[in-house]
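These are the structures, in structure tokens.
The same chain A turns up in both complexes below, where it pairs with chain B and then with chain C.
Let's look at the complex of A and B:
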């Protein structure tokens, strides 16, 4: 009977698993090394770590390999793995000014304290698809490698900068900023332990966005620019940084602060022109974005949406949208659950359609 | 529990760390103490995707021990792909036995159905919940939703049911019918069919609702008043099969699903159906 054969059962699941696994592991091409993923697909690794909310490039590379390049699936693997581990410690607060900057752009001024540092970026590279064959590419790589060792290793260190002064500080000195620094230092909201719902503290909003799906944040930003939600402007960016930050924990025995690792982050400060009737028209305000890895698109969207949400002040449901609709696993999982059997609910729906018709017939009779 | 205990437990293939289980148990106890109230909890990511029973799975893992017996169904079927998948995760990580017979199970996890029979005072029913908020159809803003529940202000729900009845001649709500629990909170009854709603009222078993994606747990403790929202002069209607009988067991007193041609009907509870055939 058709109904019975449509039931999958354990055999079908195992066959599907085996098909995926075999096709992935057994193929003509070489085994994909973790180092290759770390190296050659570094931006994908960064994106996956950022959306997983877990800094571990090696694990992220394994996840990307296992998921065959499906970023959201890789995020799922990492977060589900994280669920099996107890949490032993909390890191200490990081001062973002302790970071070493590898790239730093300040669009708001021509010249700024510290340097404009273009760094490793394709921003001004013409997007021509390179159609060179593998052999030519290898040859070029060898030439570049040779040139690099001959010429200068010292270009690299000089192209990094420790804690250039922030534009925000300058604007503060110019009395150009609304001051909303807090006197107290509240513990940040932990979105992994407490579900964030509006109204939520700013730390809940920022951590939700830091872990959000990149595409979702970009879409939220754009639908506010061009779509139905007009809650934000094209702000002026004060800082766009790609930096290495030290991560510190307190030693469980000695109580001393110990740096256990460096994490790379993208950090953005977005300067907003205040034009609301009840706002200070003589000053600017600033939105903040920070996420794991090199992902400027995400950090810029985040900083824009942070200030937009502050200015919105609960008037619309922007905060709810950001807190609840931007997580990659929430949205993708729910979307894909539509593939599950729904024949009980559908049966109930058909029954009501017939009930409505019968009610109409009774009325019209 | 020491640090090394925690690490050992992880290495034994558990899906949740001990702290998470304790947190889920605490939230579950709070849910039982306030029937129908949606208790927030720090929902973890599971090996199954959110929307695929991750909330139900977390509850089941937190309440199941190796001396338990679990039944897992999807649409009433023990052999559905999703049921099979969840069952193997539960049994392999808890060491519990499995069964298809509800009366033998101490914990039954289900999507979209309550077993036709067999649940008693020794049973826990865990229902997977996609949308825990019963009022979302009438209000989208969570701040306002929180106020409505806090003040038991369900007036807009009543108005929407009234308008539905006036416009369509019947109340068209299909599954997940809104119910008032313990004369206090309106809950979303997952999407179980209306057929199953009367069995929630004054039930001998404990029902736990887990919404992993929306990070909410709520409960209907045993022997709780559960009333579907309807009007004094508009009786609550379960699904009508117009006298149809199951093509396998010949019975008409279970929830039936039809094939697309609508002439062949089958029990949705496959274990119940098999037992009817055995006893015939």
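Let's look at the complex of A and C:
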């Protein structure tokens, strides 16, 4: 975690805190309900939960309200809160195929095992800003609600739509994938307990990216994909999923595995064309991305960077960059600490300048 | 069973009180009264701060020790390895000397101790406090037995940043933080035994 503490005039600090709180609570507009944030700003809620590393939509909406919509500040609030929570149990490893899919697209193949399920997406929508009046929008909402109730009676998704077979299985059957599966099953690296430093196991890299700032990860991906670092990738997405995934723990008394809740995740498998001299050019490799909530942008960047990092094998600073510079709290914390008093530091810098100048004057005299 | 699991909200309230106590050493903070009314105040810090990944011991409260382990899943360990230590009576010099202090590179491994504080009932000695977060002129009233403990505490905290952190907790939920950075000066006052 980065820099958070402040010292200084206590009264001034308290007054600043009071101003923030008063302006937030006392305003002319209606009280912003948690349900509204959950429902109307769902993607922001998902992003904050993902970057905070805490699945709790209601707490995330509280944090968004308290932070007045500042996603990084909301992440900070949730991380701080999370750090006070006790751990009661460890979750069991789960098979991603146990997830219930709400959206699943396979850009690589038109006809895939299972169906393409577009679900809730604006991927094919022209971006026109809706300037409909509020009354008209409410009227439309009523009509849609009525129509939705009618439609929902008939819809019963087929099992192959809920848990479709993966494209990767098909590619494996075609012997088109390199097999990087390991014989051993090491414990995953816990980035909440120990900071990950390169060289780090893949679980540390994946955990760090799953919790990373979305913008930072997309930036890393774009830099990597465009080639200023010497790479030019041929990237195709195998699976892009938005799904409900069970969270299982072992019951402390019976020892049985029980599902205690469901979390929504975005999951991506990215197919990478191998063309390196030492690589198997007759096959593809796969990168994996998974993060909390509906955040396909982040999961896609993560999957591509996972395989990019594997292929990079420590030749560049990619791994270091991913592990050390993509955390929202670290980077924003370091940046924002610059606003805190640096009187002593700067005074010291001035004195060094004066000393250099005096030395130069003595030399020139 | 005298203890019960804390809700996350109650856990946060306890955490805030303990944080406040450490932020302002010597200043009395208050554990949540509704929790103090339901269970021994001494156990609240451990109920809030321990979990499946932490170790603790409460050698002179074996019953509470068992209950805390059951509720929080924290591991009961020997005092040398315990991250958290709860003690009803003032511990012996050997016990305190034997607590984990961490190292220069891993000061966070130093033990955090929760110790019963009988003030103001038998506190007749006033000690001065100094160090980060301490308001100048602050003091603390303690009993004779605690004075001996404070002397040993100074010994184990003599090589910073290694050391132990303490919370003194009274039966009615008052809590005073004595992080390892706080220095204690013995000073005679009108309330001391010597004057009386």
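Simple rule for what comes next: the second predicted complex is superposed on the first by the 339 of 365 C-alpha atoms of A that agree within 3 Å, B and C clash if a C-alpha of one lies under 4 Å from a C-alpha of the other, contacts with A are read in each partner's own complex, and residues count from 1 in each chain.
We adopt the following convention: a contact is a pair of C-beta atoms (placed from the backbone, for glycine too) under 8 Å apart; a residue touches a chain by one contact, two chains touch by 3 or more.
Quick caveat, the model's predicted, so the values are computed rather than measured.
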Query raised in the report: Which term applies to chain B and chain C once both are placed on chain A by superposition, clash or fit?
Result: clash
Report task. Tell me which partner A:197 touches in the superposition: chain B (first), chain C (second), both or neither. Result -> first
Query raised in the report: Which partner does A:258 contact after superposing on A: first (chain B), second (chain C), both, neither?
Result: neither
Report summary line: The answer to whether chain B or chain C touches more of chain A is B
Query raised in the report: Which partner does A:89 contact after superposing on A: first (chain B), second (chain C), both, neither?
Result: second
Report task. Once the structures are superposed on A, label A:344 by its partner contacts, choosing first (chain B), second (chain C), both or neither. Result -> first
Report summary line: Residues on chain A touched by both chain B and chain C 84-88, 193
Query - Touching residues on chain C, where the partner in the complex is chain A - result: 8, 11-12, 15, 48-53, 72-73
Query raised in the report: Can you list the residues on chain A that touch chain C in the complex?
Result: 81, 84-90, 193, 252
Query raised in the report: Okay, in this complex, where on chain B does chain A touch?
Result: 3, 6-7, 10, 14-20, 23, 40-47, 49-52, 54, 74-77, 79-82, 84-85, 88, 111-113, 130, 140-143, 146, 168-170, 172-175, 191-195, 213-216, 237, 239-241, 255-259, 264, 266, 268
Report summary line: The answer for chain A against chain B in the complex is residues 2-3, 7-10, 12-13, 76, 79-80, 82-88, 192-195, 197-199, 314, 317, 320, 324, 329-330, 332-337, 340-345, 347-352, 354-356, 359-360, 362-363
